[in-house]
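Two complexes, one shared chain (subunit A), two partners (subunit B, subunit C).
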Partner chain A sequence: MKLTRLVPVIVIGIGLLPPMTAVQAETYNLTVDQVTIDTGDFTRTGIGYNGTSPGPVLRFKEGEDVTINVTNNLSSSTSIHWHGLILPFEQDGVPGISYTGIEPGETFTYRFPIVQSGTYWFHSHSGFQEPDGAYGAIVIEPKGREPFRFDREYVVQLTDAHPHSGSRVMRNLKMMPDYYNRQQRTFMDFLSDVDSKGLEPTLSDRADWGDMRMMPTDIEDLQGVTPLINGMGPTANWTGLFEPGERIRLRFINSSAMTYFDIRIPGLQMTIVQSDGNNVQPVKVDEFRIAVAETYDVIVQPKEAKAFTLFAESMSRSAFARGTLAPAEGMTAEVPMLREPPLLTMADMGMAHEGMDHGAMAMDNGAMNHGTMGQSGMPMGEHVMQDGKMMSGMDHNSMGQGMSSTNAHVMPDGSSMEGMDHSAHGGMAVDTADPFYAPGSGLTPTAYNDGKFLSYADLKAQKPLYPDREATREIELRLTGNMERYIWSINGVKYADADPIVLQYGERVRFKFVNETMMAHPMHLHGMWSILDNGNGKFDPVKHVISVAPGTTVYTETEVDAPGQWAFHCHLSYHADSGMFRKVVVEGGPNQQAAASGNDILAGGVQ
Partner chain B sequence: MKTAFSRIASASILVSAVSFATSSAIAAGGHSGMMGEVGQPGDPSKVTRTIQIEMFDNYYEPENVSIKEGETVKFVIKNSGEFVHEFNIGTAAMHADHQSEMMMMMEHGVLLSDRIDWDAAKAMQQSMGHGMHDDANSALLEPGQEAEIVWQFPEHAELEFACNVPGHYDSGMMGQIKLSH
Partner chain C sequence: MIKRTLIAAAFTLAGVTAASAEPLIWGVDVEKFEYRLGEQNGNAYAWDFDALVGTDEMKFVWRSEAEYATDERSFEVLDNQARVQIPVSTFFDGVVGVLASTPKGPDRFYGVLGLHGLAKQWFEVDMDLYVSNKPFARAEIDYEGLITNRVTLTPSWEVTLPLKDDPVIGLGAGGIKSEIGLRLSYDLVDRLLSPYVGVHYESTYGDTARYRSEDGKSRDATYLVTGLKMLF
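Up next is the complex of A and B:
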């Protein structure tokens, strides 16, 4: 039938195949090359694989042993990290932690078994090669039948191409952290605010934000990007073909250096079936947000013979990626306008921090409790600031006055501070508020059509990888930073000055991420899964990247089942490089000796 | 088997007691008027064929069925998965309607991934006037449960069997019922 003809390997009916008797062993070859990247807006030199950026889609089969020869044709050292894959740590591809990297002219051979299935990706873990184009997709076909059906599939790999090289971007950010912020508030905004809010509240607002060395538009460090889908800019318009009635599986991968995207396909609902390579219980949405380095697989079923726009809008609304699903090449549909940029609020500064225990809130079956929020979160008199460096410049007194003297403290975004007023809570749509954003956060997403926007709280494992059990201990990781000096850190200490996090093989560690900065951080632990505590108990989803929104606390648990040493970092390229990064050492376990000998290659800069 | 059937059938579907106060059995997702289109509960003595339907996470085996026009078929349905699943005979439009009811059950904590919370169902019944409802064209089964449905098909219809647990239909847990001469 047609289905099998179109996608012979991956479609339905895999379960009917006889079990493989011998382990498959395939060899793959990748070259790392200097390439030209043409976004439509600009052309630049960059880095790619086998002559293109993105590189080829690597298609593996669960259960196979892969051999991958990587030849470095660059004039500098390189590496490939297999993002999300469970493998021996020496194969993980992080210079200074897994190995020493791949020198110019050298061919490094990776060998590891494929023990999972789903959508993943690979990228360089050296310098800023990944933002410069060194990334590609990995698709792993499962041994058994998928818990969903589709007639064809496409990889939709997003990135945020920038005309400047990664190292130049980093230099500029270090020199002037708002170098790339094109949404700064202007003197005209000031006059407009004075007009609408009055002079005094406007001045007071500006003083508060200034003291925090942040601006309400500090949502993305890096603007001026051209988002690409599979290497194609909005004008080139990547197109996926379909026949009406078919189910299409879209494998979204966010390979951006810095950009979160809100993704929608106007006219189609999307059924989310997988996140970070692991199947989730299907949930139908109108729009979803993909953090940097996450993957989401969705199924859509267009029934009409017409074109649909695939629209991925950056979280700050400064740019978009655009593609099309259509019955024929050349067909297009309307491309939406960018929505108004969101503005950060006091909630994103951690002002509403106390009581924002999201794990616990989500426990209440996703329904937030007015009482809990009102009591513990909001009274300004009892407000406790976090002691992160970024907040050190804040004047608590004037803040407190501002909050208590006016019942409706006017926020920079023009809204009144609902979160500060108990009575205003009645007006919040508590049933639908996303518990993974601080209440009143300017970043809380809403769907373009007022429909369903995916929340982390909606993610439930289809088939949990691990039995649910009590964590053996908790490790607190405060996500910290000093925007002024563009230093990002964990617990106030940047990578170069930090001791490794030491875990014991066999334990189940609970990580408490406290985001004390005003930016969202997509935290990525290599080598072991991160089980997101979203209140779904044994169905808590299993991920490799956990986005922690400003002013929130998020818990994950990790079964420490992979000996050796691993990277653990914010996946925003310039945050990782500037210090929001840790080495994790797993002691004990079956491969203890390897872990010990690996300690010789600790030194050296990573990323 | 008979006992199991009665117990399960009583749980088979949730509809608005207001809209479907009568016992005209076949509420089937809110289009009682369309029932003629999809057939009717069959007379067990007229069953000409038995079809085994096995439900997994989240798919059916077989994926489609072929039935003769007007035929009376006994479906023996088993939930071999680890989640709650439904076998429901109807049109695509009926299934779409029914999905919003199932979503409501999920939002009220009645329909959980792997079981039905009967206490929550009672609470929902009391507070909203909605309750569990017998329906001859469907079976909502917890893991391990079995049920039988005897159904007489019409001469002409565009029918599907489907699981209307939120997300399941859209990810492919549905099949065609092909009616032939």
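Up next is the complex of A and C:
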């Protein structure tokens, strides 16, 4: 570890200014270095900050002006993007959009005011440096009091370290899209399916998938990872200490290149208090899913003097991160087994409607109505699937849950459900189904203890950040791709061939994300907030990453309040790089020089 | 390296910024690299690989196929193709290129027109027309059957159909040459190295078979094969 590791220099306003109005201006120094990453399973060279990966936790204060000197010690160009921070676009750190990047040997000085609080992170936006280890955490202390209490806090930063360099992973995926998928269905699975479901349904299921040339196991493009917590593998066992009875704030950050995690701490209920840095009305959950690049702040209160395992399973159950909360170093608790890998269903292929119609028809024939359906706990069995064909391979359990969510706000075609009055559907209320998954989706999560699994629908802003108003217009973004060629795109056009999305300063844009692929995409708009329309009106949560599950349509709204040009992309590294990426240009707005208060806050330049 | 620089330069000219510069796609896919143990026509070494470089929009492929007879110490087959692949549909690329066929005996050169891609139910398909004054057509179908996630059984079938007589190189119009393979491989290191064992059965029909017989060879031959599949 280098001595330069984070030396904050506090420059207090001089003279007679009372402390209340003193603008803090702190300077931080980061070096971008080649480092060695040891996951316990393998050791590789990678990229880090101030000699380590992850880099140091940057602790800012809301209201301060920060100066960050970033020195590039690599032999290639680099950049740092401050993920989730609201700042002038020249400071956003995306080569080719915000600036030209930081060349080898150069020091670039970022200067921007900190106008928010919460948990965020930073990472390189150049090539595959982020998957190669170039990431770190940002914690911003708020000016005012927070609406929740805690006695101590830990950053829990997850990543999915892989023995291959990012560029090699990309190349392998282009050569063979299923290169890393070691959960494919095999002849052995075929035999066991024939055994449990019969020959004909099994053959028909395989034929349906083969007809599309798609795989129900296509959930994680990159397997073979060792998930890390704060740079430590499952055997190194990152440990957070506590005194029994204390309230611990865990700042979860998913800095993975490609991996969604399902997180739980067996024996402890978790209270979600922040999502993507913004306070939400507390939700008690047993487990939650964190999409790539999201953050969740969670409060737990272990009362007993014993160890608790912090367990983060990858969405397709190919790997896990593990840490421990304990009263003393060295204590451990039982580490759970990985659960069965899920399988995608035809619903995830965007065929839910076809399938659902058949299902619904069968139900009507069976003299059931949707109202009783929702309340009856869904005794749906094979008998409902009269057409059998498309549904034969479906997971009937999750199917059942899906069926009960016919009032879901998020429907695969998105058309008719917009603006529905959710309260009017109390009679067929959703209990366990998550409306942010296609009805019948194989990805719909369930809690390990059959308890509460967080849904996007549960997120309500603590205090609305913006007044609620009608969007001025809607922009449809179809998330598209060609898995066989490993090309990912928006509206069928990849970044290299696309025109920028042009927004007008001052408008409120409604984005309609239609996921036409079979993968979940964590969509990240730089520079401006994404207000997730989850039916909570003015309490719709404010986020910087919106995960759009396969076969679903999700709406977000953005107050276009940041002039300049910004990146907008899927945060799965290899999807962004193969084309699911756009430049957003915000036209108009206050003169940027004026906005910089006449000083050089915006200027940040190479020294 | 020069090619890489040129392509990078092309990207820059096209106005593609650092945020979107798509990395060059390149790799070598060695489907067969094997030793064939046969009764009828003796033993042989054989290979079949594609080396490719390019982008999503266009790939340059060097395809090489060879059979080297150990008894005769000569190439029974030595085909090298320069192919350009351009996507024509979601799952298929169109192919144009040239083939230089230079085994023992006279050389032959052809233009190539074809299709390469993935058909429904996961069949990998190549269909090529080799154009000269003595043209022929060839189709190849492979299927990777997963026994487990590391053990793969790959049946393959390659059919060559001469459209005109070319007796000097042993092809008779309409006389099909068929090669059926069944290879059981194990992914030893990622998908980089997958050793395999298998059987390979070649048969000829019509005039092609007759020319073979006249050459003192068996019309058909069965081989036990052992080799390495590689992808890097």
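Keep this in mind: the second predicted complex is superposed on the first by the 493 of 607 C-alpha atoms of A that agree within 3 Å, B and C clash if a C-alpha of one lies under 4 Å from a C-alpha of the other, contacts with A are read in each partner's own complex, and residues count from 1 in each chain.
Operating definition for what follows: a contact is a pair of C-beta atoms (placed from the backbone, for glycine too) under 8 Å apart; a residue touches a chain by one contact, two chains touch by 3 or more.
Bear in mind that the values here come from a model prediction, so they are computed numbers and not experimental data.
K.L.:
Mind checking the superposed model to see whether subunit B and subunit C fit together on subunit A or clash?
P.N.:
fit
K.L.:
With the two complexes superposed on chain A, say which partner A:Gly101 touches: subunit B (first), subunit C (second), both, or neither.
P.N.:
second
K.L.:
Using the touch definition from the top, say if A:Ser126 reaches subunit B (first), subunit C (second), both or neither.
P.N.:
second
K.L.:
Just subunit B (first), just subunit C (second), both, or neither: which does A:Ser77 touch?
P.N.:
In the superposed model, A:Ser77 contacts subunit C only, not subunit B.
K.L.:
I'd like to know which partner A:Ile487 touches here: subunit B for first, subunit C for second, both or neither.
P.N.:
second
K.L.:
Where does A:Arg145 make contact in the superposed view: on subunit B (first), on subunit C (second), on both, or on neither?
P.N.:
Touch partner of A:Arg145: subunit B, not subunit C.
K.L.:
For the overlaid complexes, name the partner, subunit B or subunit C, with more touching residues on subunit A.
P.N.:
Touching more residues of subunit A than the other partner does is C.
K.L.:
What is the contact status of A:Arg510 with respect to subunit B (first) and subunit C (second): first, second, both, or neither?
P.N.:
neither
K.L.:
Using only C-alpha atoms, work out how near subunit B sits to subunit C after the chain A superposition, in angstrom.
P.N.:
41
K.L.:
Which positions of subunit A sit in both the subunit B and the subunit C interface?
P.N.:
On subunit A, the subunit B and subunit C contacts do not overlap at all.
K.L.:
Write out the stretch or stretches of subunit A touching subunit C in their complex.
P.N.:
77, 94-97, 100-101, 125-127, 167, 170-172, 174-176, 179, 182-188, 207, 210-211, 213, 224, 482, 484-485, 487, 494-496, 567, 577-579, 581, 583
K.L.:
Which residues of subunit A touch subunit B in the complex?
P.N.:
My answer: residues 12, 145, 147-150, 247, 269, 271, 273, 281-284, 299, 301, 365, 460, 462-463, 539.
K.L.:
If you look only at subunit B, which of its residues touch subunit A in the complex?
P.N.:
56-59, 63, 82-83, 109, 113, 166-168, 170-172
K.L.:
For a test of understanding, state which residues of subunit C touch subunit A in their complex under the given definition.
P.N.:
Subunit C reaches subunit A through residues 11, 14, 16-20, 22-23, 25-27, 29, 56, 87, 90-91, 118, 120-122, 145-150, 153, 190-191, 231.
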